[in-house]
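These notes concern the structure reproduced below.
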Amino acid sequence: SVSDARADKIRIALAETPSDELAAFFVALDRARANGLEYEWTAFSDEELAIQAVLSGQMDIGFGTPYAAMQKSKAPIRIIFQLSKLKFFPVTSKKYGKLEDLDGQPIMLHSRGGGTDSIANVIEEKVGIKFGTRSYVPGSANRVVALVAGQTDATIVDLSNKNKLMKQHGDKFNVLPMFEVDASDEALFGNLDWIKANEKDVEIFVKALLSVYRDMAKDPTIIRRETNPDGPIGQLPKEILDELDAFYTDAVEGGLYDPDGGGRKAALADMDWYSRAGQLTGDPSALAIEDFWYLKPLDAAQ
Amino acid sequence: MSQTRAAPRSTVPLAADIAVRTRDVSKHYGTVEALRNLSLDFPRGQLTSLLGPSGCGKTTLLKIIAGLIPATSGQIEVSGKTVTGPGPDRAFVFQDFALLPWASVLRNVAFGLELRGVARSEREAIAEKYIRDVGLAGFETSYPHQLSGGMRQRVGLARALSVNAEVLLMDEPFSAVDEQTRRKFQEDLLALVANENKTFIFVTHSIEEAVYVSDQIAILLPRPSRVSEVIRPTGIRDKGADNIRRDPEYLDIVDRIWASLRSYVE
Amino acid sequence: MTIFGFRLPGMSSLLLWGLVWEIVGRLGITFFVPPLSAVFATLFEIIGTPAFLKALSETAYAFGVGVTAAIAIGVPTGILMGRSRLLDELLLPWVNIFLSAPLTALVPVLMVLFGFGMTSIIITTALFAIWIIILNARAGVMQINRSLVEMARCFGASPLAAFTKIYFWSALPEILSGVRIGVIRAVKGVIIGQLLISIVGFGALFELYSANFLMTHFWAVLIVLFAMAFSISELLAYLERRVSYYAAKR
Amino acid sequence: MPSRSFLLKMLSLAIVFGAWEIAGRVPVSYAFPTFLESMRALALLAIDGTLFTAYAETLRPLALGVLISAILGIALGLWIGLSARFDWLFSPIFVVMQSAPLAALIPLLVMAYGIGLTSKVFVVCIMAMPVIVLNTASAVRNTPSSLTEMARSFLGSRLDVILKVIIPAASPVIFSGLRLGISAGFIGAILSELKITPTGVGDIITYSRSIADYASMYAAIFSIILLAVLFLNLLEKLELHLFRGNNRGYVTD
Amino acid sequence: MSQTRAAPRSTVPLAADIAVRTRDVSKHYGTVEALRNLSLDFPRGQLTSLLGPSGCGKTTLLKIIAGLIPATSGQIEVSGKTVTGPGPDRAFVFQDFALLPWASVLRNVAFGLELRGVARSEREAIAEKYIRDVGLAGFETSYPHQLSGGMRQRVGLARALSVNAEVLLMDEPFSAVDEQTRRKFQEDLLALVANENKTFIFVTHSIEEAVYVSDQIAILLPRPSRVSEVIRPTGIRDKGADNIRRDPEYLDIVDRIWASLRSYVE
């Protein structure tokens, strides 16, 4: 019956409104639905809300990297899939040519304690510099605007905004070379109790995600082609849809998506990264993967 | 000095005929003492006027009888029952008219009946009659702000009359009405007193009016108010409205009241 | 406003402002003010799309329910508070707190208490509207002419009759202006709810368009929203005008 | 009877905080701290000075914006209430401003006015001004006509009539507009700190949320509300002080 | 019938002494025609009463003279100058008192002076004097809602007196005041007329009062209002307030007015 079907639906908490970056995810959802997964989704304005929604049991699966919440909260939250890597790029005006030049210089970041903030922390540690004042402007797009408007000389932006910026104003700005990062930007997580109670659904879901990520690695244009024209992505303005192919080509090329869904490698990278970034406390080597990741569905899907 | 002269008890009718009785009523507004131990009986079927300097507490007494404000101490009985709040046996004509600014004259006059749940057609028929009686025919659909002061007052009067209450509490009901209309109203009032056994409690500042319409006149002292004297003018009304102005008996009573009022002012 | 004896409708000055907008847009001063004509072109393009209709219905639903609840609860509460000292002393501090509290900061609490779905959005909407409705109704009652109240009691008005026939009408000008302000605030509330709680309805469209710098899209949705706020505010302003004949004469 | 009203206030506070404590202990959600935890976090924030530096940051755009909105808003409201022409021309603007979904507009403001004080003050003004203007205007229109007539007959100049009759008569509604405006200003200040640049109290909220320190987050929220309430109480005192006779008490008294 | 009898022109003083002059004044409120071609002169230093049925347009005429509302047609001159708005030469006592509810009695009385820019200490000294004169000493700090109807009226009276205007427009200024106080006010009024050369335009419903205080009495027809008759009672006042009530000359004038008013009512 209808009501039974409802009860079986898994509730997914997105951390942003459906847009180009979520197109691959929705393609995977469509594939999962074809295999019998019933779902509904809600978009939240940021990942903290998605985390809170899962913490309070109002949502089953969420988007984000809830390491702080996993360590501090009593709820058994676990990550099951890495959706994207922390691919951010230090972009600056022509004043600077390498990371070392930024020693003592002001930088503009997303928000205190956020992803770009932790990148800045790790840069400081690895390169051995100290940034000057950190100012915060949420949204890569907004920071690009600030950069173009000359309100800052250095910031850290995401892949697609970096590409847009360089395409339009490549002559005025530098992308500083940076070390590889394997840690997660977005991951899929849920309450362990719920995951175990819904093992089958979770496996269908992870399997669909993995298949999409693998197909996409071979041919990024499948995302545009497989996008359901009546779905939330298909309904986006033409201006955005037209950019999808370029976006995913760039993303795959830039290594934004791990075709293996992260797994142990990502877990270790995350633990290391988020300890350095200050989100996890305690000795990194003492942290156990099982406290943060639940690998069974991913292993099953491989 | 007549300040403490008691009301001439012997002329008051039997207890059974007392419609409204106040006993040792006191009222304080914060530090202002408006009434102090005021006792007064209002015989049924008669018209009692309250005369007294402005601010002495006449409105206050009327409102206490109406059950609108509680007395600080003392007791009020209407037809033998202690007053605890407003009741259908009493209707009020307000000094400041108290009209609904958003309602037409017709609705305002019918409002007392509306509150008593009288059906619309019926109450409007009654209201129309009283609107005609007070000389406002043709203004049924006007709003209060389109009326002159005297016309507004008459609306309030018509409203009080239309509910047909036993006791009518009238707070300077004719103060803004012109002399001719006032005279007509006085006649109407006397007719009501004579024919319908209604009890009127009437506040006025006009000694002449009080003498002309009253069965008894209570003269109040200035704040804190008590009854200084009760006067029962008799036999004046029979002489006809047109002649009494020159009637020596009438003029004597007016002078007596005037003297009494004056005695404590100076 | 009358010109040459002809009464201009209340909002007709918007045409003038629209013209100013068009000119600014054409001058190309900043990229985020596109010409009004371009905005309308986009508006007609997107207005029939399922995404738009879904957003409209989600927004209208949350708004409608929230506002109705705010009025249905707010007006009687305000009137009662103006009437009764006890109730007022109990409730006024809270009304003031919620009126002055940055509701945006409270949204996270709402989400915890009422979930992350429509309920919270509706409650946010209602919370944006209700306090001013309460406070205005209360203010209206507080300055009511005492004689009217006494008159009604004297003619035997039941509490309900006094409520509906005296207090309500006497406070009506204030109540209406409270409702008008409340409703307009609710428009803001519904969007904030949709942006901060879960991204649905127009909130989602705004987020999407502004993140992708689709300015004409952005303004097109904004215009729909303004139109919504306007028609409601004009309706209430019309009602206010109908009671204005006694507002200054109470 | 001040003691009674004080007791009532204490009682209702106790009920609400008690309910909060219980809800936190149940817990309603893992992200919902108890009252006592939040208060402890607040104390910590206060002791290490974070709270005060944060407020120094937050209050600047807020105070500036509120001041501008109050002065300009009342002036414009008076003007709109008094002149039909001005009403026709400008009141739609404020209706628009009032319904503008600011949260969505903020990114645009950032582009227009940068990330500094200007755009934050601007946000506060957009939030605070319309309700002040519209409330003032409607109160002005409802001034009892017999009073304005009286003032005119005693030769009140236009300014006198406005200052001595219209404003006092309209003051209850103007003040309720001010109250609303200021509260909206608080919303604007917080929104701009959440959305433009996380500084001040907005920063405490976002940061403690991102490190899942919910007690601190609630402590920050609590402190804003407290501040807003204190501020508005002050405003009420001012109103009572300025227009004492306007307070006619309760109908039931 | 005296409906169209012109005012007895010959008894009116010379044009130079006319303080207020109305010429063919008409006033329409929408479809209601309140005044039609009303012409009347008010001699300087005299008191003119307007008598007429309620709703006939007395308040309207006063407000037009005050410059508060425009006449639909016709002309008003004060001291030879055409009225276009309120002026310092005229003060108004309002029928509905028009007190500022948020201001104390003292501030209300001083309000006229405040508007004229008189310094605070000075205007409060003046106000206090007039508050005493109208018998409200002790209520300086009260607010209007704490006063009785008559006390409020006296606040309005004190306010109008305190600005010391040449022409005083008084709309039923004593209607809510008690007889004794009223009598005192009447004496004060007469003293003002006699000593200070002020011009009073006075609306009342009391024929007796009109006869007692007026230099001339204008009797108005019901709506649309014109002047039906102007009566100049003379020599009555000299007989002393206490005696005139029984004075045949006084009673004759009252009867004449009464007859005149009545003639068109019936």
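Per-chain residue numbering starts at 1, and chain names A, B, C, D and E are given in the order in which the chains are listed.
In this section, contacts are C-beta pairs under 8 Å (C-beta built on N, C-alpha and C of every residue); 3 or more make two chains touch, one makes a residue touch a chain.
These numbers come from a predicted model, not from an experiment.
Enquirer: Count the smallest number of chain-to-chain hops linking chain A with chain C, moving only between touching chains.
Expert: The fewest touching-chain steps linking chain A to chain C number 1.
Enquirer: If you check the contacts of chain B and chain C, which chains show up for both?
Expert: Touches both chain B and chain C: nothing.
Enquirer: Return the chain pair with more inter-chain C-beta contacts, choosing between D-E and C-D.
Expert: C-D
Enquirer: Farthest chain from chain B, comparing Cα centres?
Expert: The most remote chain is A.
Enquirer: Approximately how many whole Å separate the CA-defined centres of chain A and chain E?
Expert: Chain centroid spacing, chain A to chain E, equals 85 Å.
Enquirer: Quick check: how many Å separate the C-alpha centres of chain C and chain E?
Expert: About 50 Å, centre to centre.
Enquirer: How big is the gap, in whole Å, between where the Cα atoms of chain C centre and where those of chain D centre?
Expert: 17
Enquirer: Using Cα averages as centroids, what's the distance between chain A and chain D in whole Å?
Expert: 37
Enquirer: By residue number and range, which residues of chain E touch two or more other chains?
Expert: In chain E, 96, 145 touch at least two other chains.
Enquirer: For chain C, write out the residues touching at least two other chains, lowest number first.
Expert: In chain C, residues 108, 112, 146, 195-196, 207, 211, 249-250 touch at least two other chains, as defined above.
Enquirer: Pull out every residue in chain A that's touching 2 or more other chains.
Expert: Each of 52, 56, 139, 141 in chain A touches at least two other chains.
Enquirer: If we use the touch criterion from the header, which chain pairs count as touching?
Expert: Every pair of chains meeting the touch criterion: A-C, A-D, B-C, B-E, C-D, D-E.
Enquirer: For the complex, give me every residue of chain B touching chain E.
Expert: 29, 32, 51-59, 95-96, 146-151, 153-154, 172, 175-182, 205-208, 245-246, 251, 254-255, 258, 261-262, 265
Enquirer: In the complex formed with chain D, which residues of chain C make contact?
Expert: 1-2, 8, 10-14, 16-17, 30, 32, 82-86, 88-90, 93-94, 96-97, 99-106, 108-109, 112-113, 132, 135-136, 139, 141-144, 146, 149, 173-174, 177, 180-181, 184-185, 187-188, 191-192, 195-196, 202-203, 206-207, 210-211, 218, 222, 225-226, 228-230, 233, 240, 244, 247-250
Enquirer: Write out the stretch or stretches of chain B touching chain C in their complex.
Expert: 63, 66-68, 85-88, 90-92, 94, 96-98, 100-103, 111-112, 114-116, 143-145, 159, 163
Enquirer: Where on chain D is chain A touching in the complex?
Expert: Of all residues in chain D, those touching chain A are 28-32, 107, 110-111, 114-115, 195-199, 203, 206-207, 209-213.
Enquirer: Taking the complex as given, what residues does chain D use to touch chain E?
Expert: It comes out as residues 146-147, 149-157, 160, 164-165, 168-169, 171, 243-246, 248.
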